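Shared between the two complexes below is subunit A, which has subunit B as its partner in the first and subunit C in the second.
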Partner chain A sequence: MNVLLALPALLLIALVFGWPMARYTWLSFHADSVLTGLVPIPNGGANWVRLLSDARFWQDSLQTARFAVMSVSLELLLALAIALLLDQRWRGRGAVRALTLLPWALPTTMMALGWRWIFNTPYGPLEQLAAALGLPSLNLLADPNFAWMATVAADVWKTTPFITLILLAGLQTIPADLYEAFRLEGGKPWQSLRSITLPLLTPYILLSLLFRLAQAFGVFDLIQILTGGGPASSTESLALYAYLNAMRFLDFGYSATVMLGGFLMLTVIIVLAAIALRSIGVLRPVK
Partner chain B sequence: MTLELQSVGRRFGENWILRQLDLSVNEGECVALLGASGCGKSTALRLIAGLDQPDAGQILIHGRRVDGIPARQRRIGMVFQSYALFPHLSVRNNLELGLKIRGLPVEERQNRISGMLDVVKLSAQADRLPAQLSGGQRQRVALARALLRDPLIYLLDEPMSNLDAQLRDELRPELKKLILNGPQPVIYVTHDQQEAMALADRIAVMRSGQIEQIGSPQELYDKPMTTYVAQFIGRPPMNLLEDDDVMVGIRPEHLYFDAEGMPCELINREWHGASQQFILNSPRGELQMISSGDTIVPERPTVAWKRDLEHRFSKSSGFRQ
Partner chain C sequence: MTIGRRLLIMVLTVLMVLGFGVGWSRGQAVEDVRILMPAPFVDATASLVERFNVDHQDRIHLSITRGPLETESISDLAISSLLLGDPPFDSLLMDVTWLPKYAEAGWLEPLDRWFDSGDEDALIKGARLGNSYKDHLYRWPLVADVGMLYWRTDLMEEPPTTPDQLIEISERLQADGSAKYGFVWQGRQYEGLSCDFLEIISGYGGHWLNSVTGQPELDSAAANQAAQWMESLLAKGISPRAVTNFAESETLQAFKSGDAALMRNWPYAFAELQKDDSSVRGKVGITTMVAEPGQQPRATLGSWGLSLLKGSPHQDATVEAIRFLTSESAQRERFMERGYTPTQQSLFTDPALTTRSPVLPDIGKALDVAIERPPTPLYAQLSDVLQRRLSAVLTGEQPVQPAMDEAQASSEVILKSAGGSG
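Entry: the complex of A and B
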């Protein structure tokens, strides 16, 4: 009976998630490129063997992980500070709350073009500022060692509001009298952050981490517009590499393999994280 | 005087929600702040606790001014209406948090907590989360936390209002034993006159930010100074009959059937066993009446009361005459 009630949802998931995944898996065991005249030909596990020894794939995996971890942790810290501030009572809070959300409401393509202009050499504001301060030209987007930081900065700017929103909602579920009871027990305000706010906010922090890590791991549009993966592939993400394989090299079999490889890695990371969190008691098993 | 409020006022914008509040509470005394919601009783409690600051007047504990002193330094044991237990901490950790903050050594913390768990009969539930406790158990955790604060004053904010009627009756003696019988003064906020009568040494009936009357339960019952107090104290409320420019008040329990009395029509009768309650329609208005369970209702009810038991209030001001 219970299964029957869940059937519509399960069917939907099978349709929009199960079918593409099955199709990708099937494709990853075929050669399907310009060389085969775009006709899928079974090639055993050749795509997967190639993936394991593909230095660019592993390089991109590391770059994707670096991007995801850096941007999500910065976003979390910033969002926590902003959410705590927006949870206080002060004049004009409503307007600031609305303004804070704006970056998230902008389409990524638009905001990425904006950031490309900010980093533009020699006309962008950043370069102008450096020149005004008498600093040498930064030329950030052209430097393979630093370009990834520009992608992180733009992502932090755009998605901090999303985490802020989730954390702010979480903060508002904490009853005020818990803080009052804590004060009467002799606690100072900064102590309540550790004793009350953070423990009660943990589910919301985990939720936003899950959302954002999954999203950041699949980052495409921001990087495609800001750097196109360059310079020298130094900002290329897995999604960009998969796109490149499909759309430029017209190798759909291998593109599917790259995609699945990234997906499997992300799944393993999340499962390991869940097990770790459960073992230290942060996550409770669902009953 | 252990606790003193001297012409304390609090306003929100132009609206004074507490005006010129004077209150003195002695060692070991329990004073109930009784009133309808919005009368300012909870605000008064929050001012004493230091969770809110007065706009006028001063508050003294043991002769020392405390307005201006942060809540955490006032040594107040408070029980919140919601109990305000920390939902992510077990019963034991709920009790321990305050002791830890106040820097008690581990061993002493553990001794005091296990002793307290015995007192409130929660030793078996020590490792449960608040969500896994019954309402009565949660209340006892809140009481235990207030007791462990070792406070100068107890403040109880409607501690019974989240419990069902039967549990309330059961917990009242426990509350008396644990807190009310101690040497610290207790301020007990409630909107339930029965609870105030049962627990408090004195009751302050509050109305629109002021104390309407303060006195022992008996004084308020025997000699209410206004029609408001007269109708707030006692269940069912006092009957008020108009008589020229006077309101005549008669308690329902002071009415009796008498052949010489005022003819009435019986509208409703509730029989409670030991007592029974009537609603009667008289030429002077509707009357509530209580009598013992074995009273026989005459076929044509006529009611009377003893003249010396009636209360007289001014019709224009509502004050006792």
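Entry: the complex of A and C
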């Protein structure tokens, strides 16, 4: 009976997730490109062999991971601070709450275009500010050592509100009497953060981490617009590489392999992270 | 009561079916032709389409679908609809670099039946390039486009013709404070970088892909010199470091504001530079890119043209529309109203047109020395490899020679895999 009730949901998952994944897997064992006239021809594991020795795939993996880890950690720290602030009672809080959400509501492509002009050398406001302060030209987007930081900055600006929202919802589930009791026992406010807020907020933090890491690992639109993967491919993400293979090179077999390779890696990372969190007791095993 | 209602419903249903039938049979008589174009071209052809539809009222109805502005975005849209099969278009306005890929994928119908050598001879030399693949014509040019060197007529007597002269003039103008930058161009890691490089490697007498052997020659002395020269522009401060993130719009901005003495860009920039907000209005000349003494200067071919999609049920009607939109009078109108470069040889010396834009003959000269990017279905891969390595050189990630050796090796691998499975 229970299985029967779950059936519609399972069918939906099979349709929107299972089938595409099966199709990707199938494609990754075929040569399907402009050279085969877009007809899939089985090629054994040739795509996977190519993937393993493809330096660009590994470079992009590292760059994607660097982007995801850096932006999500910064977002989490900022969002925690903002959520704590927004959870307090103060005049004008409603308006500020609405304002903080604004970046999240903006389409990524539009905000990426905006950031491209903000970072523009020599006409962007950032560069003008540096010039006014007598600093040398920043050249953020033109320098392989810094361009990825610009992508992180734009992403942090855009998606911090998302985590803020989840954490704020979490904060509001914490009963006020807990703080009251803690205060009566002689606890300091900053101690209550460690002893009450953070432990009770952990599920929400983990939830937002999971959402954001998966999302950041698949980053595409922001980078496509802001840097196009350059300079010197220093900001290229896995999704951008898969897109190039499919839409520019018309090599669908290899594009599917890149996508799947990235997906497998992300899965492994998340499983390892779950095991680690469980071993230090942050995550409780499901009964 | 109920019977009356039923009868009414039945009568209405019959009427509706009849109505659809009539509408449908009338729709059959007038052929619907649809063309996908990037947005600016849609605006530039709107009045022509209107006229075409009045002239062909009972036979053909032409409608243009407004696609995205950027070349890559419209290519994504076109490819997605072609992949799904049965695209809702009969014709596509195509960039020159897509043709071999689309033809090889079997998406295009050859146009040889409708156009002959007489049609082709009427085109300016540069417009004859990039329309055929494996001896079949697949595209008919709508506008011509080539890379040009823009120079400030108020800052120099004559534009530089060699790489050394360009550096010399730039250094002089930067030293006396009349220009902040010497030369601005497209150094971002994208297609524009490949276009700029092709002009410079040709200026040093080299080839990106040797058209006789079909092999890349990116590790040649000329290729190394070209990359070295581009890198030296940044090292000497002739081009700002920011050039490594410049596409056309950033380049234009720098030149338009009067900050640069020289610029590499496409013909569209000239009209932009004559607008009211331009600081260099009336002070701009255009010529071809610099080349070593004794070498032929070259201009990378851009250009857009109309193709016929395979499986279109309206082939003759579509070609009629293509002929109309690319006719001499259509080109004249597009040039006079929008400044789009024509493709017919005769228009480049037409007094009405040259009065409208004094630089048209210069564009014609550049079209005479136009050079195609490697015409292979694997072009996107080859260009991607080259862009990555050049970007690494320009941003100081990699010295010139190892970068060009790597570009050569990667290009060979790409072409070899093509030979193996072709």
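Just so we're on the same page, the second predicted complex is superposed on the first by the 287 of 287 C-alpha atoms of A that agree within 3 Å, B and C clash if a C-alpha of one lies under 4 Å from a C-alpha of the other, contacts with A are read in each partner's own complex, and residues count from 1 in each chain.
Basically, contacts are C-beta pairs under 8 Å (C-beta built on N, C-alpha and C of every residue); 3 or more make two chains touch, one makes a residue touch a chain.
Since the structure is predicted, the reported quantities are computational estimates derived from the model, not experimental observations.
Applying the stated clash criterion after superposition on subunit A shows that subunit B and subunit C can sit side by side.
Counting the residues of subunit A that each partner touches, subunit B and subunit C differ, and the larger count belongs to C. Shared-chain residue A:A276: touches no atom of subunit B or subunit C.
In the superposition on chain A, contact of A:L38 is made with subunit C only, not with subunit B.
Once the two complexes are overlaid on the shared chain, A:Q191 sits against subunit B while remaining clear of subunit C. The superposition of the two structures on chain A yields an angle of 150 degrees at the Cα centre of subunit A, opening toward subunit B and subunit C, reported in steps of 10. Once the two complexes are overlaid on the shared chain, A:A98 sits clear of subunit B and of subunit C alike. By the touch criterion stated above, A:R183 is placed in contact with subunit B alone, subunit C being left untouched. Of the two partner chains, neither subunit B nor subunit C is touched by A:A14.
With the two structures overlaid on their shared chain A, subunit B and subunit C come no closer than 52 Å at the level of C-alpha atoms. Within subunit A, not a single residue is touched by subunit B in the first complex and by subunit C in the second. Interface of subunit B with subunit A (complex): residues 49-51, 70-74, 76-78, 80, 82, 84, 86-88, 97-98, 101-102, 145, 149. By the touch criterion stated above, subunit A contacts subunit B in their complex at residues 175, 177-178, 180-188, 191, 195-196, 199-200. Against subunit A, in their complex, subunit C makes its touches with residues 72, 75-76, 79-80, 83, 101, 104-106, 188-190, 240-245, 250, 253-254, 257, 259, 377-378, 380-381, 384, 387-388, 391-392, 394-395, 397-398, 417-418, 421-422.
Interface residues of subunit A, counted against subunit C in their complex, comprise 31, 34-38, 120-123, 137, 139, 141-144, 147, 227-234, 244, 247-250.
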